[in-house]
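Chain nomenclature is as follows: A, B, C and D, assigned in order of appearance, with residue numbering initiated at 1 for each chain independently.
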Amino acid sequence: MALRIGILTGGGDCPGLNAVIRAVAKSLMRQCGATVIGIADGFAGLMEAAPRVRELTWESVSGILMRGGTILGTSNRANPLRSEADTARVLEHARALGLQALVVIGGDGSMAIAHGLSQRGLPIVGVPKTIDNDILGCERSFGFDTAVATVTEAIERLQTTAESHGRVMIVETMGRYAGWIALEAGLAGAADVILLPEIDYDVEAVAAVCRARAQRQRYTLICIGEGAKPIGGELTVQRRIADSPDPIRLGGVAHALREALEVRLDVEVRATVLGHVQRGGAPTPFDRVLATQFGNEAAQLVMQGAFDRMVTLQEGRLTSVSLAAVAHGSRCVPQDHPLLRAARQIGVSLGEPA
Amino acid sequence: MALRIGILTGGGDCPGLNAVIRAVAKSLMRQCGATVIGIADGFAGLMEAAPRVRELTWESVSGILMRGGTILGTSNRANPLRSEADTARVLEHARALGLQALVVIGGDGSMAIAHGLSQRGLPIVGVPKTIDNDILGCERSFGFDTAVATVTEAIERLQTTAESHGRVMIVETMGRYAGWIALEAGLAGAADVILLPEIDYDVEAVAAVCRARAQRQRYTLICIGEGAKPIGGELTVQRRIADSPDPIRLGGVAHALREALEVRLDVEVRATVLGHVQRGGAPTPFDRVLATQFGNEAAQLVMQGAFDRMVTLQEGRLTSVSLAAVAHGSRCVPQDHPLLRAARQIGVSLGEPA
Amino acid sequence: MALRIGILTGGGDCPGLNAVIRAVAKSLMRQCGATVIGIADGFAGLMEAAPRVRELTWESVSGILMRGGTILGTSNRANPLRSEADTARVLEHARALGLQALVVIGGDGSMAIAHGLSQRGLPIVGVPKTIDNDILGCERSFGFDTAVATVTEAIERLQTTAESHGRVMIVETMGRYAGWIALEAGLAGAADVILLPEIDYDVEAVAAVCRARAQRQRYTLICIGEGAKPIGGELTVQRRIADSPDPIRLGGVAHALREALEVRLDVEVRATVLGHVQRGGAPTPFDRVLATQFGNEAAQLVMQGAFDRMVTLQEGRLTSVSLAAVAHGSRCVPQDHPLLRAARQIGVSLGEPA
Amino acid sequence: MALRIGILTGGGDCPGLNAVIRAVAKSLMRQCGATVIGIADGFAGLMEAAPRVRELTWESVSGILMRGGTILGTSNRANPLRSEADTARVLEHARALGLQALVVIGGDGSMAIAHGLSQRGLPIVGVPKTIDNDILGCERSFGFDTAVATVTEAIERLQTTAESHGRVMIVETMGRYAGWIALEAGLAGAADVILLPEIDYDVEAVAAVCRARAQRQRYTLICIGEGAKPIGGELTVQRRIADSPDPIRLGGVAHALREALEVRLDVEVRATVLGHVQRGGAPTPFDRVLATQFGNEAAQLVMQGAFDRMVTLQEGRLTSVSLAAVAHGSRCVPQDHPLLRAARQIGVSLGEPA
């Protein structure tokens, strides 16, 4: 009897989701004549009283490789493990839909759910999805290259303005727990200072770089990950807007650093928070290829019956890991990473005290 | 005797400034063996006790066509008309430097200064520079096409996220007095709602569009120019942060609209303020060609001795206008502009009451 | 009774066709509840025994603004004026389909057909489509900006290689009769020599530029329109491959020039023929806006009953001209065009004898 | 005493060369106060009677990260191992210039020379440079990502035209010995058929794909690496133009396949040879980061005195290998590569017989 496999995307939007969906669906259809059932809006689509699903056809997944977003829709709130009733409903719906297995494309939250449901008897294969490149056990995930490209382009744009006006320009990138985007985009965009969640920064050291550059190059470009913190805690602005219902949206870290630098420097300081544009858009060719591989590998795991596992890239090779091993925690930039050494040696400041 | 001509860039950064500098300098050097003197940081470079200038060579203006920013530097504060002493110093410096004429590339503020100095005897040719495309007497200025391209790309990125999550996404563009960027980028990016400074919008009408779209397309993309206002005055958030020293930087209009919609709608609403990225970066091919034409035309005016005039584009043709005619006011989107008609007829809401 | 309007795209692919289709269809549907019938593959779809048509819906023309190509399909061979039988069949099919009018998006060939059919009683509005920007009576047509951007990007890529290797690099662009693409992309890409169909070039003068640059800049970049000819006729390579059934595809003019330069110079000379990539891809924001305006204007003409006319841009304004006036001939670069003056004055060679 | 290190770039242009030069020079200057000597035009600059060199300064290598090409110049002909006299002259010049070591950035040919000179006593560190991604012992080299992006964009452009006209479109990519570019760009661009040097193709199988697609999708996009061959030898066109002095430039493989398909199919078949554009242009962010890492690692090897070695990427990690191990041969796509499996399973034809 032919396989009947469900597929869903959970968590925030990420370039390459459609490329994964396409590769999973085409591989399963072509290799074993499977029926592939697309579930709407992540786990939400399975949790509601009437599950929202539709069969994916070869045509419906053709032409979506380059498209950003997800044709299935997503949600970042639904969590069927939150209550026993929700868990039971999801398992019941999967059974009622005749699903022999489920492919879950999502972030660490989705992988934790996937592992929980696997333990409860629903065979699941996970595919890591993270703009921030911070899922445990995965060296490089799709969407990250696109995000780095978007941020790099923004840095290049800001640089010409910084240079023309002799300003300090701060650009805030995504990356709450891990600084990969700020690090790679900062290096690719020739930022002068790169501040990461993994290395608390010294405001005085940053100001010193700006002062030195004001003499010769006239401008300084600072790339800061949204999770970066000054040594000794938060800066004043962050406190001042702390009673706002939504401090993140107001671009805490970049504006806080701006205020801290303005009182220390003579030159103009401007901050830009890139925000949602980092999540969207067509995936780069690199991400299309990586996402296609991830999707194809997920299909192999399904066909092999290797469940409760996540497709991944390790030591440059496509492989898989146990969901249990990756469901909790973030993959941060290690202190001895060669990119940090490269940054320091070519003269990029990481905000470290002199 | 060979000509000796000064050149400066004033006001905010704008893609294509270097292309103008290059065309002015090369044309003057090649056509009449002129010496071209670059003045640093706009009028500031002429106002200081020791003017900051350097001779431009053929080599120094080669290879800059594609580069964003201005190799001369700029400033948006220096105004030599503010005091008689400043005016006198600028005139004196121009004389001391042996400048027979000055080419001023700048916005309406710079054109007003250029006209004032022309009246005082300094022969000046102006070149219009505005991201916002809002200088009087000029149908299309360089930098605008690049800004529209940057904003359009951002809208496309936001759209995939809006669609995947079923959200209302608001993107705020530059354009304090004129809505050209929001209008053209909104049309090019297929925004569903476009809000301009020229047409006060009805929050209820915008909410109605979002509600209708939530049924079928699930998401709504709103493009709002930073100068757009709701009918009847400002929205609450703008007031709430009014005591902030820098409301503009916090993205007043987009966040205000977000709050206004959130209380009216069931779906998530997100706002993105694009900010400085709209000013920077390499000019599009269109802007390179236009800037090259403007620079070459400015050189003609210098060689013809046609001063107190600004190069411009009118009825699709390169020509010039009197500085007096363009120095005050902004070129807004006329209420009968065919793009407004096109927008309405293809189903784009301009926020007008039903 | 509601209108019933046909629409077709004829001739070669051009970025922006879908944007026109979308604007025509949405405007007609929204403004007067018209039924819009899409005809497949240009006039071919009306000439065949069973016309190939389908009704366009609001959904079917949504989301196509950014897509290159044409959802209707096109053909560049079908000509219903070639025989009386074909003409009769097209008129008969239009009648049978109940079409009150037809919108034809196409090049000069299509406009000639449109005029012929108009004369025979079929009410037609034309929309100019040309990569080459060479339709009579139209200052700027959609698709041209995209083609210029594609060529400019290619020139920039070739330039880094030319510079690194100290080579002469020739790039051949589209433009059989008019040199607009070569001229604008050559200027935007900072080509050193630009050769156009409108100005026969002197091989010795081109070689002299290469020799002079070999001393200082080491490399030379030549941009040549496919219709450019040397003074005194064709070069040898073109003769040598004259017995080939398809000389154009082998890149006649670039390779001929390469051979002519190789015997005159010491340095390596390479030629690249860009070919079909110039026609495809997503339209630039500029072209999306222009195409949207053209489509919306075509809908106005239909609603006003102003037939046998072509939408156009003249003196920077949207207007229309009689099809009879534009159906024959090409709009070439006038010898006194300001871009030619600008090119010469900034030191770009147009291949003119010394 | 401070180090004095030479650096040169050899072989064809490749995006990221300047990023490597910058990282090598800045790392050596900053870490150990080294003097870095740039050698012009690859080994040619050391072979000539008077070596052409200049000291690199921090300023001279600033701002070049994003620039394509090489500020040092390159040549792909100079080989100092060709004669004993040339070898001796290079060694003598290195001594006379006081170089303690040399960093050679180049392809397999340059690595072979580097190994030969190392054996003769000149301490050398190699950095792999290849558009084609085919250097032995190196999983991923800079420049490849940029080339894949360029080709992918071209495929996307050609696809809209193919679709609009219902054509078979063939695009020929670089890759004489290894099909990495064709494979990755083909996958990223959603090509329907991908033909590689590693898998001889069956013309009948390719024709069968085109025929099947003509029924439903109407068009077929074929991506062919320049080294791909049909089963049983070359096709007719390649023979027909064999007496041409320069068959490669005429695009042998794409045009040969075009002729072979034209006689087998009813539809139009067009071929595009991308050529030199694949080599040039600004590196992608990915390539900037990778090149920066390679350059920084090369500096470590110099400082550690680890010579006769090449920087490389293995199992996803930066490391180095003996030059002897990588100097001869190409890294082809292995028959069991997961990308080949992914391609087949998602329905991409590799031209294999049915």
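The rule is short, and it goes like this: a contact is a pair of C-beta atoms (placed from the backbone, for glycine too) under 8 Å apart; a residue touches a chain by one contact, two chains touch by 3 or more.
Each chain and its UniProt protein: A, B, C, D = ATP-dependent 6-phosphofructokinase.
Since this is a predicted model, take the numbers as computed values, not measurements.
*Asks:* Could you tell me the least number of steps, going only between chains that touch, from chain B to chain D?
*Replies:* Shortest path length, in steps: 2.
*Asks:* Report the chain whose mean Cα position is at the greatest distance from that of chain B.
*Replies:* The chain farthest from chain B, judged by C-alpha centres, is D.
*Asks:* At the place where copies chain B and chain C touch, is the share of residue numbers found on both sides over half (same) or under half (different)?
*Replies:* The interface is built from the same residue numbers on each side, given that over half of them are used by both copies.
*Asks:* Just the number, please: Cα centre separation of chain A and chain B in whole Å.
*Replies:* 34
*Asks:* Between chain A and chain C, what is the separation of their C-alpha centroids in Å?
*Replies:* Here the centre of chain C sits 42 Å away from the centre of chain A.
*Asks:* If you look at chain A, which of its residues touch at least two other chains?
*Replies:* Expected reply: 156.
*Asks:* What's the complete list of touching chain pairs for this entry?
*Replies:* Result for touching pairs of chains: A-B, A-D, B-C, C-D.
*Asks:* Which residues of chain B touch chain C once you look at their complex with the stated criterion?
*Replies:* 22-23, 26-27, 30-31, 58, 63, 65-66, 139-140, 145, 148-149, 152, 156, 184-185, 187-190, 284-286, 288-289, 292-293, 296-297, 299, 313-318, 338-339, 341-342, 345-347
*Asks:* Touching residues of chain C toward chain D in the complex: what are they?
*Replies:* Against chain D, chain C makes touches at 9, 12-13, 15, 17, 41, 67-70, 73-76, 150, 153-154, 156-161, 163-166, 169, 218, 249-250, 255, 270-277, 279-281.
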